[in-house]
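After this come two complexes, each holding chain A, first together with chain B and then together with chain C.
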Partner chain A sequence: MNTPRTRMIAAGAFAATAVLGLAACGDKADDKGGASNEIAVTATDSECKLDKTQLSTGNYTFVVENKGAQVTEFYIYGENDVIVGEVENVAPGLTRKLSVPLKSGTFQGTCKPGMVGDGIRTPITVTGDDAVAADDAELSAAVATYKTYVATQADELVKLTEQFTTAVKKGDLDEAKRLYPLAREPWERIEPVAEIFGDLDPLIDGREADLAQGQEFTGFHKLEKDLWIGKDIKDSGPIADRLIADVKTIAEKAKGAELSAAQVGNGAKELLDEVAATKMTGEEDVFSHTDLWDINANVSGAQQAIEALRPVLAKRDAAFLGTLDTAFKTVNDTLAKYKSGDGWKLHNELTQTELKELSDVVNALAEPLSHVGAKVLPTQ
Partner chain B sequence: MPNLGIYLIGLREGLEATLVVSILVAFVVKAGRRDRLPLIWAGVGAAVALSVLFGGLLTYTETTLLKDPADRELFEAITSVLAVVFVTWMIFWMRKVSRKLKGELTAKLAEAITVGGFAVLLMAFLSVVREGIETSLIFYAAAANESGLGPLWALTGGLVTSIVIGVLLYLGAVRVNLGKFFTWTGAILVFVAGGIFKYGVHDFQEAGVLPGLHTHAFDITSWFKPTEWYAELVRGLLNFTPQPTVLETIAWAAYIVPVLLFFLWPAEKTAPKPVASDATPAKETV
Partner chain C sequence: MGESNISRRTMLGLVGGAGVAVGVAGTSLALGPSGVAQAADVSAPISFYGTHQAGITTPAQDRLHFASFDLITKSRDDLIALLRAWSAAAAQMTAGHPAGATGAVDGHPAAPPDDTGEALDLPPGGLTLTIGFGPSMFDGRFGLADRKPAALAELPHFVGDALRPEISDGDLCVQACAYDPQVAVHAIRNLARIGFGKVSVRWSQLGFGRTSATTRDQVTPRNMMGFKDGTNNIKAEDTQLLDEHVWVPQGDGPAWMTGGSYMVTRRIRMTIETWDRTSLAEQEGVIGRTKKAGAPMHATGEFDELDFEAKGPDGKPATPMDAHVRLAHHTQAKGARILRRGYNFADGSDGLGRLDAGLFFIAYQRDPRTGFVPIQQNLGGDALNEYIRHVGSGLFACPPGVAGPGGFWGEGLFA
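== the complex of A and B ==
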């Protein structure tokens, strides 16, 4: 029944819900792109000074400091004195903020000391593309999609590497050889992100031929050599331990990496460059000849990057996106010829003609991919 | 006197809230329904908590909710118009009660009126919250002032003064006899509600929802300075501003004239016509 007590409880619940609901709204604050640019406004009884009046489109926070003796107000007027933003009740000595998104056009930053009249006006010119905000939201969404992919691949990398190093430590030569190319796949899909953390990449994936003077040979390729050349992994335990430790570290870092859309696009290109530079020649997995696992992983990683960027690319250059799609299809079709069971043919099983054909289609994809980064820059 | 300005802002913003609340409290007490008081305080408390929280979020976080000042104008406009609806309802209610008083014993009054609990809560909430966020933003700005706490004390002083005025109003109101109380506070409320309505329309104009922000009905700012104490006081009490737009002035008049006429029209003479007490439902249960 509606006794005063139950109504009180209802009232309290209402208030609590409102407060909690709003507190929750405050939390999501930081996910809405970048800090806004601050513009200092110094208002006195006779002046209205803005420290910047030539702006590019975007979000701005006017920090209005009243150094006068009278209560003032600060307005941003647009065409025909439409109020774009305002902050009232700026008492003497106070600093109050006004946050507004500004599109291109001419505005009037206006102080109204004493809260009367037309105010003291300072023209503001805003130039730039009005579509920026919407576009940037799409870029952020693309990056978020790609980061989700990186996170799943990072988890996969840790899982498979753990299986691989466990087999190595158990001395199970055949199992370790079977797992070696599989553990490398997630690595090869997201390698450009891993390369951001420069010091770990050579420890995990450094090739013997690339070692600097005095540098220790560690990581995947050391174990590869032990497995295929030495055929003895009795002493490989420490290297295996170190590999899984490094992989875990880099997986965590990769998951937290901040990326831009351009980095995602350039990463796709780097993956294809990897293919052309070392894998087509068989240098990458020189002992095991499992280069095609790597090549396929590189291509699929690049394809995921383009998938993440697809909405942006479709809007900005649909024809270009079509070119990419065709080139990806050609590469995948060509690769498919060398499937063998669950995996791939070994590098040394392919003829020179076959390698040449594969190399050509990869290069045909790498060329348009090299333009992706530039096409997904913020419009500002 | 650099801090007089902020004192007056505190007084004005405070009065806009305390005026309705103190009349509401007086009304509930007069009607013998003190059991409704906790609901009023719950409404006020919720509004204050919400305002303080929101002011903090806007000042110290990157929250996007209500960050756009136009959204805040819209919030104030909507809560103001809602407040007017509730206050108007209260005005008519008072009128009906004052009519009943003629024939009935005061002791029966408490039974005669059922004061809607949720309506009371919501009215108190709306009266305080509509200016609450702006007030709390000023408060945070004053607290952040680097050159001393003068502005903060001045603002607090203004708010406290408004509460004192509200208490005095209440004390005066509870002392007069019931018939007078309903007539006078009702009449005052008509002007207060008209002021809130005018304010709401102005905020709709500032938010860009209604046109004509720069079409002024008159401009007496040359001699009626809006920063003077008397100007801030009448703005706090009645929302009178020296440079109103045509639209808000029309809205003000369109509210005040019919509501006041209806409120003050002698009941006896018009009793047979449906204009009078029939216009409000016989029983108020909310």
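== the complex of A and C ==
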């Protein structure tokens, strides 16, 4: 996990994004890369009320609340009733969201109580620069791609952690040791997203060295210590139960996290910071020395973030993207030297020279990665 | 001398007052028409551009941050791009400006700043940045094998060498000297950052106090043994000696080195604790000078000529036969002369509770084979060897200066 200091920096970065958006966009979407301007839609059996109908081009999320008695739907129609976006099956009393990028033109916000007919229509007028809207759509698509990845990894995390904690509870020391680095991989691939939920991260992934006085040692690393140092897991059941419960909670939260493209980019940089800060030194998995599993997962998580952003980066700075690709390749090639069977060599099996080489190529990647966040900000 | 008596408080005062004058004071440290260096203004900038690199005959500043780099790229174009980027950043930082296009605070708030920022609000501080190319850069990776100067021949083993490879050698080095340690560290840090992916820091060394005077108006400083060091150094005013012993003249090896110089660095660990329990008389005999004045054993003034024939009251040589100054003197070492520019260091303590301290020796010369090498070979029998150990070593070819904006360090090497 991140040290408290790095987490503070990360929080600062998030705040900066928000402030920027406000300063730059006025009443427009305040964070066009993902979480977007919300418009409240109140649907009843006879009305379809939007709290804003004069909009500038950009990303919008229509928050549809069904206050009627019938199940309803909400559509955004463009010219000639082309469907721009829709959300179906909004049961009475429920609220559902519809996110769409809107270009300039006239649209119809439409509620369909009973899900039939032409619906109750409210005109929406959108004015402004369509290039900005197109750009917003690309950023949204990038974020959506990355969110799909986060969801897959969150599911994988739950699945593998379940296997790991089950082995711990069975008292199967060898199987638990085999599963420990594997269960951590999906975690390490998406950790910057998980870290948004600050209170859970330390419970799941807190290192013993980072504990404050009186703080309980829980999570992956407590079990790691039981497995490798104590070599005794007959009392580890409660910690295992708590780990899987916390992992399930954070997995759900991670899937629902709203992200901006800049956050996706900064997340990639944070993953490499993780590698440089605690894994290169062997401090992350200090008992098991399985740091290379984590390093590889961090790098592959960062690479997925860049894959999601690739169309945007290719358009904005193709040369820069080329630099990133080369740097990723160098890191992966260097890591590949330490593959061992299905897994990796242990951290303490690498010589100082080998670690220095790995550290050098990680730095070579992290430096350009630190500029991704700023390169995928919305155009003004 | 006035300068070294200036208290830190006064220095800070000077620094504050110099803010406005910086622009006009820009060349105050350069050699004047007579070849005489002006008094050191500890806050003014020193021009990055010139026939020779700054940081060699420049009046030795008080602080050092030295870094040796290994090239991790295999691309010649990368190396050239690095030298261009470094030269541009060096010109900016030595002028007292932050590195990069947008500096420390004027870039996009969502992007990491170009410059790291710890030198904001600080004056240029007499910063000089001096680059050197190590023998390993000419090993063929960059198509430079046929351009390697003969003078860059590997140093031989010297008596008592205990060199550690991890703090020796390197493909490239940068010597950063300034009157403010933060200014020197800032410069190396930003160059290292610019170099990520192309170079990797192999080792680095901080020096907290100069051990040599390089101009006549500088007081001779003391080293960690408490003795004045560098009394007989070649000084910036000795233009004939500089041409003879320090600068590489035309026709002396490859043309790209004309106007350059060769740098030898040695990390010399001193076993200070045993030195400190040595009697004053023995200390003076080991060095061959008096501790208080730095005078020859047969004289009273620091700058009195050494006379190795002089006898003491007991009829024995006044300067012992194994005294450091005797063996290091050019009259005893095949006429070899070097320009010393070393720094005291103290890097905390070792595991046995002893100070890890000593001298980070830096010497510039026209050719190490007729400079440092014969001197060091002559020091094989030096009485001082009992108290010192050479643990790090470096040899670098320092190209001539960058003529002006648009040029870059070592441009001639790639022409």
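Rule of thumb we're sticking to: the second predicted complex is superposed on the first by the 250 of 380 C-alpha atoms of A that agree within 3 Å, B and C clash if a C-alpha of one lies under 4 Å from a C-alpha of the other, contacts with A are read in each partner's own complex, and residues count from 1 in each chain.
Assume contacts are C-beta pairs under 8 Å (C-beta built on N, C-alpha and C of every residue); 3 or more make two chains touch, one makes a residue touch a chain.
As the structure is a computational prediction, the values presented were derived from the model and not from experiment.
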First (chain B), second (chain C), both or neither touched by A:69: first
Per-residue contact with chain A, leading partner among chain C and chain B: B
Touched partner set for A:214, first chain B, second chain C, both or neither: neither
First, second, both or neither for A:88, with chain B first and chain C second: first
First (chain B), second (chain C), both or neither touched by A:341: neither
Partner chain(s) touched by A:373 [first = chain B, second = chain C, both, neither]: second
Touching partner for A:115 - first (chain B), second (chain C), both, neither: first
Touch list for chain A against partner chain B, complex: 2, 4, 7-8, 10-12, 14-15, 18-19, 22-23, 25-26, 28-30, 32, 35, 69-71, 81-83, 85-101, 114-117
Contacting residues of chain C [partner chain A, same complex]: 72, 108-112, 193, 196-198, 200
Complex contact set, residues of chain A against chain C: 13, 16-17, 20, 262, 327, 356-357, 360-361, 363-368, 370-371, 373-375, 377
Partner chain A, residues of chain B touching it in the complex: 2-3, 5-6, 8-9, 13, 35-36, 38-39, 42-43, 45-46, 49-50, 53-54, 57, 59, 61-65, 67-70, 73, 117-118, 121, 134, 137-138, 141-142, 144-145, 147-148, 150-151, 154-155, 206, 208, 213-214, 221, 225-227, 242-243
